[in-house]
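These are the structures in question, set out in turn.
Both complexes below contain subunit A, partnered by subunit B and then by subunit C.
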Partner chain A sequence: MKTEKLIAVVRKIAEKIESEKDFLTELDNVIGDGDHGINLARGFGEVEKKLDALADKEPAEVLKSVGMTLVSTVGGASGPLYGTGFMKMGMALKGKEEIRTADFLEAFQAAIEGIQMRGKSTKGEKTMLDAMIPAKEAIEKAWKEDADAIAAFAAGIAAAKEGVEFTKTIAATKGRASYLGDRSIGHQDPGATSFTMMLEIVGDEV
Partner chain B sequence: MKKFINAVDQVEDQMIQGMIKAYPQYLRKLDCGNVVVRSSKKENKVALISGGGSGHEPAHGGYVGKGMLDAAVAGAVFTSPTPDQVYEGIKAVATDKGVLMVIKNYTGDVMNFEMAGEMAEADGITVKQVIVNDDVAVKDSLYTVGRRGVAGTVFVHKIAGALAETGADLDAVAAVAQKVIDNVRTMGAAIRPCTVPAAGKPGFELDESEMEVGIGIHGEPGTHREEIKTADEIADMLLSQILADIDYTGSEVAVMINGAGATPLMELFILNNRVADVLAEKGIKVYKTFVGEYMTSIEMEGFSISLLKLDDELKELLDAEADTPAFKA
Partner chain C sequence: MVGFVIVSHSERLAEGVLDLTRMMAPDAKIAAAGGMEDGGFGTSFEKIQNAIEEVYSEDGVIVLMDMGSAVMTTEMVIEAMEGKKIRMADCPVAEGAVTGTVDARIGMGIDEILRDLEQVGTQKKL
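Moving on to the complex of A and B:
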C-alpha cells in the first residue's frame, strides 16, 4: 500500500466513522458518556481536510498527521489513544515508500504498545485492545502460515469481531465504563467496535 | 432537544465568549482555543491550571481569578480538552515557580493533561499534577480506574489557589492540593438526566418515580437506580456513604451542597437542612457551608453533597481572599 492508497483508506475510514457516528455514540451512551461517535467523527472530519496536502509524502507522514490531528481534535480518551496509535504506526514505518503486510504488522504492534502505555491498559479490560490484540495475532498467524494478505486480513477482521463480542461478556476495568462495575456486562465496547470498523476498511483495500 | 443555543457545534465557543464578555475584568481568552486565563498574568507564584469538558459551568472558567486558578481549559461538552489546548494554557500562565495541573480523575482528562504536561516539560517548564477523586460512589479498586473527580474539585481550586497566591513553592502547593483531595468526599444523585447538545438526547432515561444514585457529572449512569424517596432519606443515604469513607468524628468540615444544573435552590436548601442536622447529631462541626451551583452537569436535575475535613491550615486557606467570577471569599 502506497501513499495514494493509504489516503483513500483513511478517507473511507472517515466516511465510515461519520456514517456510524450515531451507532457508536449510542453504544457509548449505555456504558460511557455518550460521545464516542461524535468525538471520532469530529476528529476524522479534521483529518480529511489535511489529506490532500499529504499526497506527495511518504505513508509514515500521512499516519503521523492522522495521529496528531486526532490527538488535537478528538479529546476524551479516544483522542490520545487513537492518536498515539496512528503516530506510533507512522514512526514504525518511517522511510518506507510502501506498506507491505510485514511492515503493517510491525506498525500495528507499535500502535498496540503505544495504546497500552498511554491508557495503562491491557487485554481483557473491555477496551479497544480486546479487538486490536486478537486481530494483530490472527493476521500474523495467517500471514505466517500461507502469506496471503487477503486471507490474513480476513482472519484479523474475524478476530476483531470476536473481540467485540468478547467485550460483551466482561466488565470494564478501564475507562468510564468501569464505574458501572458488572452493569457494563452485556454491552459491547465502543472503542473495540470503532477499531473493528477501521480494520474492515483496511481489509477491503488490501 | 430544546435548548437556548444557536448551533450544536458553536456551543462551547459561544459559551466561552459570553463568559469573557461578562467578566472582562477577570478573564481573557487565548487565541488558540477555549483556554481562559486571568486578564492580567500574575508572576512569582505557582500557576494553577485546571479544566475538563464543558457543561460543568461555572467550572472551570468561573474559578479563574485571584486566589484560585490561573487558567482553565474547556473541551467539548463532557469531553476532555486536547493536549495542545492544555499545553497552550500552561505556556500562557507558567512562571519560574512552576505549574500545578488540577485534574479530575477521568481516563481522558488524565491522558490529555499528562501529554500536555510532557510537552511543557520538554520546553523546560516545571509541571506537577494532582488528580482529584472525591466521588465515593465509585469503588477505588483494581477493577475501576478509581473514583471520579466531582464537586470536591472546587475546594482544591480554592485552597491550593489560596496558598499559591502567597508565593508558596510548587511542592507546597501540590501538597496542600493533595491534602484537600485526601480529605474531601462527595456523592450525588439525580432525578432527571441531561442532554449533550451534540447527542441531542438524554444520556440515560429515568421514570418519573426513579432516581439514579451515585451519579457522575457527565450524565453517565450512577451505581444503581431506585425509587425516589424524600429529601431527608436521600440526604441520609448519600451522607452515610460519605461518612463511612473517612472518619469525620469530632472534626470540623466544610459542606458543599452542589446543584447539578436544574435543581432549584429551594431543594438544595431542603437537602442542606437535613445534612446540617445529621452532622450536628454526629458531633461533626460545620465550619462553612456552600449551597449553589459549583460543578454542574448541563441541565441535569440532581445534586451532590461534599464534605471536606478541615484543620487550621485548610480553614485559613478556605477563608483567604478569592475574587473570581463564580467564587468570592
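Moving on to the complex of A and C:
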C-alpha cells in the first residue's frame, strides 16, 4: 500500500466513523461518557481536511499527521489512544515508500505497544486492546502460514469481531466503564467496536 | 513561584477550582485548561499547552488532572514540551490545588510541593 491508497483508506475510515457516530456514541452512553462517536467523528473530520496536502509525502508522514490531528482534536480518551497508535505506526514505517504486510504487522505491533503504554492497559480490561491484540495475532498467524494478504486480514477481522464479543462478557477495569464495575458486563466496548470498523476498511482495501 | 494548571473535562470545574484557590492564595500562578475549544466537555491539547505556557517559569509547573483523557492528553503535551520542568500530580484536584498553591505562595519548590500533594489523597475527611 502506497501513499495514494493509504489516503483513500483513511478517507474511508473517516466516512465510516462519521456514518457510525450515533451508534458508537450510543454504545458509549451505556457504559461510558457518551462521546466516543461524536469525538472520533470530529477528529477524523479534521484528519480529512489535511489529507490532500499529504499526497506527495511517504506513508509514515500521513500516519503521523493522522495521529497528531486525532490527539489535538478528539477531546476524549480515544484521541490520545488512537493518536498514539497512528503516530507509532508512522514511526515504525519511517523511510518506506510502500507498506507491505510484514511492515504493517510491525507497525501494528508498535501501535499496540504505544496504546498499552498510553492507557496503562492490557488485554482483558474491556478496551480497544481486546480487539486489537487478537486481530494482530490472527493476521500474523495466517501470514506465517502463507495465507495471502486478503485471507490474513479476513482472519484478523474475524478475531477483532470475536474480541468485541468478548468485551461483552467481562467487566471493565480501565476507562470510564470501570466506574460501573460488574454493571458493564453485557455491553460491548465502544473502542473495540470502532477499531474493528477501521480494520474492516483496511481489509477491504488490501 | 511554581505555577499550576488545572485540567478537567469541564470548563466550569477547572475555572471553579481556580476560584477556590484564590481564597487562600490570591496571587498564585494558576491557569485553567477545562473543556474543549468550543466549551464542550473534553480535554484539549492546545488549551493545556497554552495554560502551561501562561504560568511557566524556571521554577516549573505542576499539572493537576481529573480522569482519563485529561491524564493522557497532559502526558502528550508534556512529551511535546520536552526539556521543560513540568510535573503531573496524582491527587484529588480541588484539595491538591488549594494545598499546592498555598505551598507555592510561601515559597516551596516543585519537589517539596509534589511530596505534599502525594499526601493529599491519603488524608481521610471522615
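By definition in this document, the second predicted complex is superposed on the first by the 205 of 206 C-alpha atoms of A that agree within 3 Å, B and C clash if a C-alpha of one lies under 4 Å from a C-alpha of the other, contacts with A are read in each partner's own complex, and residues count from 1 in each chain.
One rule holds for everything that comes next: a residue touches a chain if its C-beta (ideal position, glycine included) is under 8 Å from a C-beta of that chain, and two chains touch if they have at least 3 such contacts.
Owing to the predicted nature of the structure, the values given are computational and were not obtained by experimental measurement.
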Simultaneous placement of subunit C and subunit B on subunit A, clash or fit: clash
Subunit B versus subunit C as contact partner of A:T25, first or second or both or neither: first
Partner chain in contact with A:G181 - subunit B first, subunit C second, else both or neither: first
Touched partner set for A:G119, first subunit B, second subunit C, both or neither: both
Which superposed partner A:D35 touches (first subunit B, second subunit C, both, neither): both
If touched residues of subunit A are counted for subunit B and for subunit C, the larger one: B
A:A77 touches, of subunit B and subunit C: first, second, both or neither? both
Partner chain in contact with A:G156 - subunit B first, subunit C second, else both or neither: neither
Subunit C-contacting residues of subunit A that also contact subunit B: 33, 35, 39, 71-72, 74-81, 118-119, 175-176
Subunit A partner contacts - residues on subunit B that touch it in the complex: 53, 75-85, 106-108, 111-112, 115, 137-139, 142-145, 148, 196, 198-199, 203-204, 216, 218-221, 223
Subunit A - residues contacting subunit B, complex: 25, 29, 32-35, 38-39, 42, 71-81, 118-119, 171, 173-176, 178-181, 183
Residues of subunit A touching subunit C in the complex: 33, 35, 39, 71-72, 74-81, 83-84, 118-119, 175-176
Contact set on subunit C toward subunit A in their complex: 9, 36, 40-46, 67-69, 72-73, 75-76
